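Both complexes shown next keep chain A, but they swap its partner, so chain B is in the first and chain C is in the second.
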Partner chain A sequence: MSDVMIEARELSKQYGSVHALQNVSFSIRRGEVVGFLGPNGAGKTTTMKILTCYLAPSSGSATVNGADVFGDSLGVRKSIGYLPESTPLYTEMRVSEYLQFMANMRGIKGPEALKRIATVAEQTSLTDVLHKEIRHLSKGYRQRVGIAQALVHQPPILILDEPMSGLDPNQAHEIRDLIRDLGKERTVILSTHNLAEVQVTCQRVLIIAKGQIAADDTPDQLRARAGKPRFAVTLAKGDAAMEESRFRQRARELLSALEHVEAVEERSAKEGELTLVVVPKGFDDLRSAISKALAQEGFVIMGLSQEGEDLEQVFRQLTVGASAASTPGASSGKGA
Partner chain B sequence: MVNTLTIAKRQFRSYFNGPVAYIVIGVVLTLLGVFFWNTFFLFGRATVREMFTLLPIFLILAAPAMTMGLIAEEKRTGTIELLITMPVRDAEVIVGKFLGVLGLYAVLLLLTLPYPMSVSTLGHLDWGPVWSGYFGLLLQGGAMLAIGLLASSWTDNQLVALFLGAAICFAFWIVDRFLPFLPTAAASVFEWLSFDYHFRSMARGVIDTRDVVYFVSIIGFALAMAFRSLESRRWR
Partner chain C sequence: MRALFALLHRLVAFEWLRLRRGRQLRVAALIAAAVSAATLVALVASPEAQLESTLNDVFFWGMFNVFAYALAFVFHAGIIADEVQARTLAFLVSRPLPRPTLLLSKYVAGSALSWLLLWVALLVVEALLGLRSVTLLRDQGLWVVRAGLALMLLTALYAAVASMWSALLPEAAATMTALHLGIFEFAGSWMPGSFRWISFNYAAQQLADLPPRGLLPELAPLVDPVAAAALLIAATALFLGLAIWTFQTSEYRAST
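This part shows the complex of A and B:
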C-alpha cells in the first residue's frame, strides 16, 4: 500500500465559462494535515467537492486511498469523512438519531453503531447533548455534530470545508485542538481563509488562488518568505519637559543607534502617542534591546510588538500576485 | 438496497418532526369528511365511490405538498451534499426518498379506512371494489408522488416544487375532461395518458394489468428523470 492517500492530477473544473480550477495537481500523504488556503471563490470548495465525488472534474483525475473518483466513486466515498461548507445537518433530528442515521448509511448497524456513536460523541464532546434536537444547538455544537458525523466510520481521510468559520474564539480553539488531535492518525484536509488557523493546525499549506495552486509549503517556510520581522514600538508623549519634535528626534536617534537596525520609520498613532517601526538588518529579535534603550532615557513604552511574522503578507503577495500574473493555461500545479 | 431503506426510514420519520405531514393529512381528511358526507345521504347508497372520486382531486395538491421538500429542501440547506457523498448510489437516494413519502401516503390512506368501515355499518357494502379502489389509489397516488419528487429535484425552492408538481398532476387529471374538444386521433392518446382513464375501472372493482403497467411506468419514468436531474449536478 502506498503512502500517498490523495493524488490529484491536473484537475480542472469549468462552470459554464468560469474556470473554477485549472490544472491543479497535488498529492497528500498518510497522516498529513493540509490546509487549503485561499480567498473566497478561489477553488478550495470545488477541489473538495471533486475529491468527495460530489462533482466530477471537467478534466483531470484524482485518486483517493487507491480508488479513482471516476472508476470507483463508492470506494472513494467509503474512505472519506466529509464536512461540507456551512455544516448542513438535518436540524429536526436529535443528535443521536442523526449520528445513528449517518452510521447506518455507512453500513454500521446495531450495537456496533451505538459503540461508535458513543466514541465520537466523546471525542467531539457531544455526550451531553446527544438527546437534543440539532436545531436547538449552538453553532459550535452543530459544527461538532458535523465533525462527529464525519468520524463515525473511522475514515482514514477527513475533508473539512471551513470547519472553523462562524465560531467564536473559544469554540474555534476547541475545534482546532480536536482537528489537531484527529490529524495524529488520519489524513486531514481542511479549507479556510483564516491564516491563523492554518498556522496552528496544519503541517502543510496549499495556497489556492484563481483556481490554481499558488504555493505548496509548510507554514514555516511560507512565513520565511514574508521577509524580515519588524518591530513596532509605541511611546507616550506625556513628558512635558521635552517638546514634540525633540521627543521624536531623540527616540529615532536612540533606535537607529542600536545594533542590527537598518531603518526606523514612523507610523501614524493616536493623539499623545508616537509609533516607530524598527526594521532590522537580519532576523534578530530586537525587542529587548529596543525596550532597554528607550527605558534608560526615560521614555514610557505603551506597546512593543513584532510584526510581519504571520502568513498574511505571503498570502496577500501570492493571491494578489497570482491575479496579476495569471495567464490562462499556465500550469502552476506544483505538486509534491 | 439497505441504504434505500435507511433513507426511506429517515424520510418517513422526519415527516412527523415537522408540520407538513400533519397539515396535509389534516386538510385532506377534513375536506374528505365535508364533501363525502355532504352527498352521501343524498344518494342513500352504501358505497364509497365518492371517496375515490374526491381523493384523486385532493391529491393534485396534497401529493406535491408531501414531496415538495424531498430534494428541494435538501438542496437549499445543503444536506443533499452530505447525503450524496455517502457511499450510496444516486438511484438509491431517489428510491429511498420515494419509499419514504409513499409510507406517509400509506398512512393517509389507512386513515381513510374509517369511511368504508362506517359505511358498512349503515348498509351492505361490497368490499371488492373498495380494496381494488384502494389499490388504484395507491398506484395513482404513487404516480403523483413520483411526479412531485421529480419537480422537487428541479429546484431548491419548495414552493416552486409544489406548484410545478401540482401543475403536472393537474394536467394528467384534467386532460380527460377536455377530450370532446380534441380531434379524435389525439383524443384517444390523451385519454390513454390521463390518470382517470386508468383509475376509473379500478374504482369499480376491475384490476386490469394495463392500468397497473401504466401507473408503474409513470412512477418509473418520473423517478428515472429525477435521478438524471440529481446526477446532472456532477457535470454542470
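This part shows the complex of A and C:
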C-alpha cells in the first residue's frame, strides 16, 4: 500500500481571468500533520475544496488515498473527514441527531453508529452536550461538533479548514491539543493563517501565496530561513561589591568563551543590570550553556530568551509582495 | 438500487426533521389555516343555491392561486439557496453521496410535507362541506379528491420550478421563482385563448374540472384530463432534471 495519502499534481484553478491556483504540486504521507499556511485569498480553501471534490480543478490532478478526485470522487469522499471553513452546521439539530445523521450518511447504522458517536463525543469532549441543540452551543463546542462529524466514520485523512478561527485562546488551545492527538493516528491537513497553530501542531508546513506553493518544509527549517537565532540574557551582579565595568567585562568574556558563539553584543545596561545578546555560529540552542556558565560565576540571571527565529518573518518574506512568486521552491512545490 | 433507496430514505428523514424544526412548516401551516378559514367563511356566507360555485371559487382562489404557490416558496425556494447561504453546502457535498441523490431527497422531503399540508387542508374543506350541507358533500366529495390530485401534481411541478431556480441562482432564488410563477403561471392562466397553454396552472385547473376563468374564458382551450396530467408530470420531470443538472455541475462560488 502506498505511503502517500494525498498527492496533488500541477493543480490549477481559474475563475475567469483570476488564477486562484497555479501548478500546485505536493504530496502528504501517511501519519503526517501538515499545515497549509497562507494569507487570506492565497488559495488554501480552493485547494481543500478540490481535495474534497467540491470543486473541479481547471487542470492538473489529485489523488486522495489512491482515489482520483475527478474520476472517483465517491472513493475520495469515503476516505476523508472534512471540516469546512467557519464550521457550517445545521443549528436546529441536536448534537446527537446531527452525529447520527452523519454516521448514517457514511453507511454506519444501529448500535455501531451509537458506539462511534459515543467514541467521538468522548474524543471531542461533547458527551455532556449531546442532547443540546447546536444553536445553543458556544463557538468552541460547535467547532468540536464539526470535528466530531469529520471523525465519526474514522477516516484515514482529516482535512480541516481553519479549525481554530474565531476561537478564544483557551478554546484554540483545546482544539490544538485535540488535533495533535488525532494526528497520532491519522493524516491531517489543516489550513490556517495562524502561525502559532502551525508551529505547535504541524510536522510540516506548506506555505501558499498567490495560488502557488511558496515553501514546503518543517517548521524548524522554515524558522532557520529567518536567520540565526540569537539569545538575549539579562544579568544582575551576584556580588554587590563588584565594579560595574568589571561586571560587564567578565560577563562578556564568559559568554564569548563558550563553544559555538560567534559574537556577544551589549544591548542595554543600567545600574546593577546588563542585557547581552549572544550570536551563535550555527543554529544551536545555547541557552543551557549560557545559563550554566553564568550561574557558575555567580551571576544572577534575570532573563534568558531566544530571538530572531520567528516563523512570522519567513511567512512575511514568502507571502508579501512579488517575492512570493520568486522564492526558491515556488510554483512546483517540493513534495514530500 | 436498494442501497440508493435506503440512502434516499435517510436523507428524506433528515430533511423532514430539519423542515419540522425550522420555520417553514409553521409558515406553511399558517397559510393552510388561513386558506381553511377563508373556505369556512365563504361556505358559511354562501346561499344554498350557489354553494357549488362558491366551492369552485374557493378552490380557484385559495388552492390553485394561493396555496400551490405558497407551498413551493416555503419548502423549495431555499432547497439549495439556504445551503449556499448557510455555507453548509460545502460540508454536505463532501459526504460520499451523489449530488443528484442529495437534491432529490430534499425535493422529496419538501414535497411530502407540502402534500401532507395540502391534504390536511382538503380534509378541512371536506369537513366544512359536510357541516354546511350533506348533499353537497355527497355531490362534491369525489370532485374535491380529484382537485386534490390535480393540486398534488401542480405543487410537485412548482416545487421543481423553485428547486431549479434555487440551484441555478441561489442568491436570487425567491425572486426568480416569484417572477417565473407570477408571469408564466399566474398571469398565463388569465391569458385569452390558446395563450393559456403557457400556464401549467391552467392545465391543473382543467384536470380538476374547474370552469375556465380569466380573459375571454369562452375561447380558452379545453384540455383532456389525461393530457393535462401527462403535461404536468412531463414538466415536473423537465424542471427537476434541470435542477439536478445545475446542481451537479455548479461550483457555487458564493458559498466560498
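Some observations on this one:
One rule holds for everything that comes next: the second predicted complex is superposed on the first by the 246 of 336 C-alpha atoms of A that agree within 3 Å, B and C clash if a C-alpha of one lies under 4 Å from a C-alpha of the other, contacts with A are read in each partner's own complex, and residues count from 1 in each chain.
The definition used in the following text is that contacts are C-beta pairs under 8 Å (C-beta built on N, C-alpha and C of every residue); 3 or more make two chains touch, one makes a residue touch a chain.
Note that the structure is predicted; figures quoted are calculated from it, not measured.
With chain A as the common reference for superposition, the partners chain B and chain C occupy clashing space.
Applying the stated contact rule after C-alpha superposition, one finds that A:Thr45 touches chain C and leaves chain B untouched.
Of the two partner chains, neither chain B nor chain C is touched by A:Glu174.
When the shared chain is aligned, no partner comes close enough to touch A:Glu10: not chain B, not chain C. By the touch criterion stated above, A:Asp217 is placed in contact with neither chain B nor chain C. Contacts of A:Arg106 after superposition on the shared chain: both chain B and chain C are touched.
Common to the chain B and chain C interfaces on chain A are residues 15, 49, 52-56, 74, 77-78, 80, 82, 84-86, 88-90, 92-93, 97, 101-102, 104-106. Those residues of chain C that touch chain A in the shared complex are 7, 10-11, 14, 17-18, 21-22, 86-91, 93-98, 251, 253, 256. Within the complex formed with chain C, the residues of chain A that make contact are 15, 45-46, 49, 52-56, 74, 77-78, 80, 82, 84-86, 88-90, 92-93, 97, 101-102, 104-106.
Residues of chain A that touch chain B in their complex: 15, 49, 52-56, 74, 77-78, 80, 82, 84-86, 88-93, 97, 101-102, 104-107, 149.
Contact residues of chain B toward chain A in the complex are 2-3, 6-7, 10, 13-14, 17-18, 77-89, 233-236.
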